[in-house]
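Each structure below is given as structure tokens.
Shared between the two complexes below is chain A, which has chain B as its partner in the first and chain C in the second.
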Partner chain A sequence: MMRRYIKLYFLLAGAYVRSRLQYRLSFGLMCFGIVVSEACLLGLLGALLAKFRTVNGWTWAEVVFLYGLGNVAHSFMRILGSQLDDFDRYIIRGELDGVLIRPVPPLFYLLASRVELIHVSRALTSVAIFVVAFHLTDLRWTLSVALFTFTTILSGGVIMFTLMLISATVALWTTKSGKLTDLLVAATKEAAIFPISIYPLAVRLLLTFILPVAFVTYYPAQQLLQKGEFLGMPESFQFGAPVVALVMVCASYLLWCSGLRRYHSTGS
Partner chain B sequence: MIKKYLTFTVKAFQRTLTYRFELWMELLINVLFMLVYVYLWKALYTGRTSVEGYDLNGILTYIVVSQTLLTFTFTLRIARIIEEKVRTGEVVTDLMKPIDFQLMTLATAAGTSSHTALFNMLPKFLLFYGAFGLSLPPSLLTLSLFIMSVVLGYVILFSIEFIIGIFAFWLVEIRGLYAFVIWGLAMLFSGYFLPLEFYPTFLAKVAAVLPFRAIIYFPTAIYTGQFIGEHLVTALLIQLAWVGALVGIGRLGYRAAFRKLVIQGG
Partner chain C sequence: MPIITVEHLSKHFKVYKRRTGFWGNLSSTFSREHDIIKAVDNVNFTLERGELVGYIGANGAGKSTTIKMLTGILVPTSGHIDVMGLMPYRHRKENTRRIGVVFGQRTQLWWDLPVIDSFELLKHIYEIPQNLYKQNLEFFSELLQLQPFLSTPVRRLSLGQRMRCDLTAALLHNPEILYLDEPTIGLDVVAKEQVRQFLRQVNAERQVTVILTTHDLNDVEKVCQRLIIIDSGKIIYNGAIDALKKRYGKTRLLIVDLAQAYSDIQLEGVDLTRRDGNRIWLAFDRDTTSASEVIAQLTARYEIQDLTISEPEIEEIVRRIYELGMH
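Up next, the complex of A and B:
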């Protein structure tokens, strides 16, 4: 059963990747564009912190570390969840009906039938940035650090993915979500690449409990960088990422299912 | 003459009105984006009074105005619309109409964007203006020059997207080019993230020969009073020159494109 799904996933994803590779020039330019834009934001961040030295006691290397954590998680999620970018297209054009009658779970089919390889370039850039930041912060790879980092990134990716899924699911009720999914995740990622101590309490609570991206970057970084800034939250939050990821998976999947149950075609 | 183009503007405006929920959510998320930057700058300025000629109030005003103007970049999807029209062959129906393709596209974009300006940018700006006690332009004259500069910047952004869209006639797929120019170059050189005064010398020099700074940095610097007198007039002239050049390139581009047009699956 499991093997069948894995095989199916690669079959569907492979077909999409092949179709995208038909336009090689565009593909190459897009990869290049993504690398450039990632490098640009980092460059601007660098220019900024060269001038100001620190943000709330966080050095340039530490901010880049957060930036790397957030971006690695975000880009892995983008590779696997490419389809959710403009999910509303399926509803507006009535194409979701076709997905629902296939003999596999709809969510599986959707995710497998579109895997954007261009985001691989984003992921590679992010990993490179993260590795550099890791060394700049004087952290050394030990088994426990490596395990913790790996779990953090995995949980972070899952948290980002569930946020994307939840905002895409909204389209099942509203018909259109437009750039909502993309924007929501981009905005929360942007918020999470800076130490959340710069925000007022309300925003910190939002990023901790409602759009829990602080668990992707800030809280795990407390453990890795030994900053000890918990801003009145329990210290155990530094280990909270996997738990939050699990809760988010359950919540988003339940929401997805109830959305599908009440879905009725646009009939166009 | 103008009336038929205005029809496109009005129709595009009305079309945007249809999806209210989406617009409200977009506004909410934009506000979150802006909060991030406003608080980042507040944190950076703790214990400082003035950096590169901007005090805290000045920099917050800059950030809010530039982030507000950035909304145009997010919401203008002209390149993608042209690409879609080329891919589906729908562009043929546009070519049969007795109207100018570039003007029609601009008229449509203006409709969508005036909706964005009215229901997204203005409320967003007013919210931050009130919440953080920002400054208004120094005089009524500056305000009107600012608006003029915003319009010129908008036409520059439009023309760049239009040129990217025209590439679809040759490339069919232009997402790559779009990502490179808009998410790469325009983001780096438009000055949306920080004023160009903060850029390292090398980057500032590159920015000076590209059109992107005329989209966001120029109008914002006029608003904050960073550009005055001769400086301001030069900025507007540079914008005008870019408008002329880019609109011209766009026209040449689509004339060449229509000559070689092959409709897929038509």
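Up next, the complex of A and C:
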């Protein structure tokens, strides 16, 4: 069963990649663009921090570490969730019709049949940044650090993915969610880059309980960097990422299922 | 025991009103003002195993909506569908394994990949055993002459070639029912004939139950045994094609080219059904009115250039039903 789905995932994703590779030049240009834009962003961040030295008691290395952590989770989630990028257009064109006539769970089929290689190039860049950031801090690789980092990235990716899925699912009700998704993707990524202690209380609560991106970077980083900043939240939040991820998976899947029942297809 | 049973099936769409202009747009985003479109409205019918049924109706009559509910794509607003003992949208996965679907308007093949790649992918999606897959692929590529373009990307196929591939794709996993939504749309006469022939053969040799929608009545006449006509979401005819002809074929049609476009045309015992410039279409009942009476009336009042009498074709009968409804 599991093997069937893994095989099917690679077959469908492979079919998409092969389709895309028919247009090699545009793909090459996009990859180049991503590497350049990531480098610029990081350069900007570096320049800013070099000037101010610390942000709310966070050193330059620590902020880059946070940025790397969030970015790795985010970019892997983008690879797997490529289909959600412009999901509303997909729905408006009635293309879910073709998915719903296949004997495969629709969400699986959808996600498998689009894997943007552009996001892969983004992911590689982000891993490189993260590894550098890791060494800039005083952290050293031990088994427990590696395990914790891995779990954090995995949970973080899942949390960001479910947020994106939820906003895309809204398209099944409104038939448009593009702007909402874009906004959410941008906001979660940006919010994860900086220590949330720089935001006012209301925003911190929002990022903890409503759009729980604080669990992608900030709280887990407390454990890794031993900052001991909990801003009045329970200390156990530093281990909360997997739990939050699990809750988000359940919530977003239920929403997706009820959204599917509302799918209207198109009139022609 | 019917293979498909549809009872009191309805699908209503809420269509939110949209206003124009910035403020209109803004306010319609928040208001819940809407119209209800009854795309399918209390529909009942059954299909027996092995039947070949034509499902026709004017644009917007509700054909595609019905097909989408039968295939499990749309959830009905109310009513009941039983397909081989399954409820299509609830038992979606089991249902899809046993049906094949072709949308004439939209290919289900991988657009940028060679045709054969789509077939290979479907083999894995439907878990078709290798020997069955090979056997079916051989059978269909022979029957539909797919060989020459099996390794051509789908986007480079002609419409006719693409349709043949789509038909194959829908049948590779040996479905028991084949749903076709406008399978002949946009095809030329030869390609249409090929599709028809193919459907007859698949139905006869593989006992596949077929339901197809179309706007080409020749499809129905040459392929189907039974006809279901839907109009504004309601079924207005369900029965053999011959019976329809017998019942409504009493009307003959006289097509007349007048010397000029008379503004007011008055004739007894005759319906003016259509008018296009100087040409008029007159329908009359063969039992009560003779053709010579009509022609006599015409020539007495108007100057005519040419005329032809046509016996009722299925096309004409259905056109009249679309326009005037059933009587």
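We adopt the following convention: the second predicted complex is superposed on the first by the 266 of 268 C-alpha atoms of A that agree within 3 Å, B and C clash if a C-alpha of one lies under 4 Å from a C-alpha of the other, contacts with A are read in each partner's own complex, and residues count from 1 in each chain.
Simple rule for what comes next: a contact is a pair of C-beta atoms (placed from the backbone, for glycine too) under 8 Å apart; a residue touches a chain by one contact, two chains touch by 3 or more.
On a predicted model such as this, the values are computed, not experimentally measured, just so you know.
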item	value
Chain B versus chain C as contact partner of A:Val72, first or second or both or neither	neither
Chain B versus chain C as contact partner of A:Ser265, first or second or both or neither	second
Partner chain(s) touched by A:Val55 [first = chain B, second = chain C, both, neither]	first
Which superposed partner A:Leu184 touches (first chain B, second chain C, both, neither)	first
When both partners are placed on the shared chain, which of chain B and chain C touches more of chain A	B
Touching partner for A:Arg18 - first (chain B), second (chain C), both, neither	second
First (chain B), second (chain C), both or neither touched by A:Phe32	first
Partner chain(s) touched by A:Ala47 [first = chain B, second = chain C, both, neither]	first
Touched partner set for A:Val104, first chain B, second chain C, both or neither	second
Chain C-contacting residues of chain A that also contact chain B	none
Chain C residues within the chain A interface of the complex	13, 60, 64, 68, 71-75, 89, 92-94, 96-97, 99, 101, 103, 105-106, 108, 110-113, 117, 121, 124-127, 153
Complex interface listing, chain A residues touching chain B	23, 25-34, 36-37, 40-41, 43-44, 47-48, 50-52, 55-56, 118, 170, 174-180, 183-184, 186-188, 190-191, 194, 197-200, 203
Residue ranges of chain B touching chain A (in the complex, touch as defined)	19, 21-22, 25-26, 29-30, 32-33, 35-36, 39-40, 42-44, 46, 48, 51-52, 74, 171-181, 183-185, 187-188, 193-194, 198-200, 203
Residues of chain A that touch chain C when the two form their complex	4, 7-8, 11-12, 15, 18-20, 22, 94, 96-98, 100-105, 261-265, 267-268
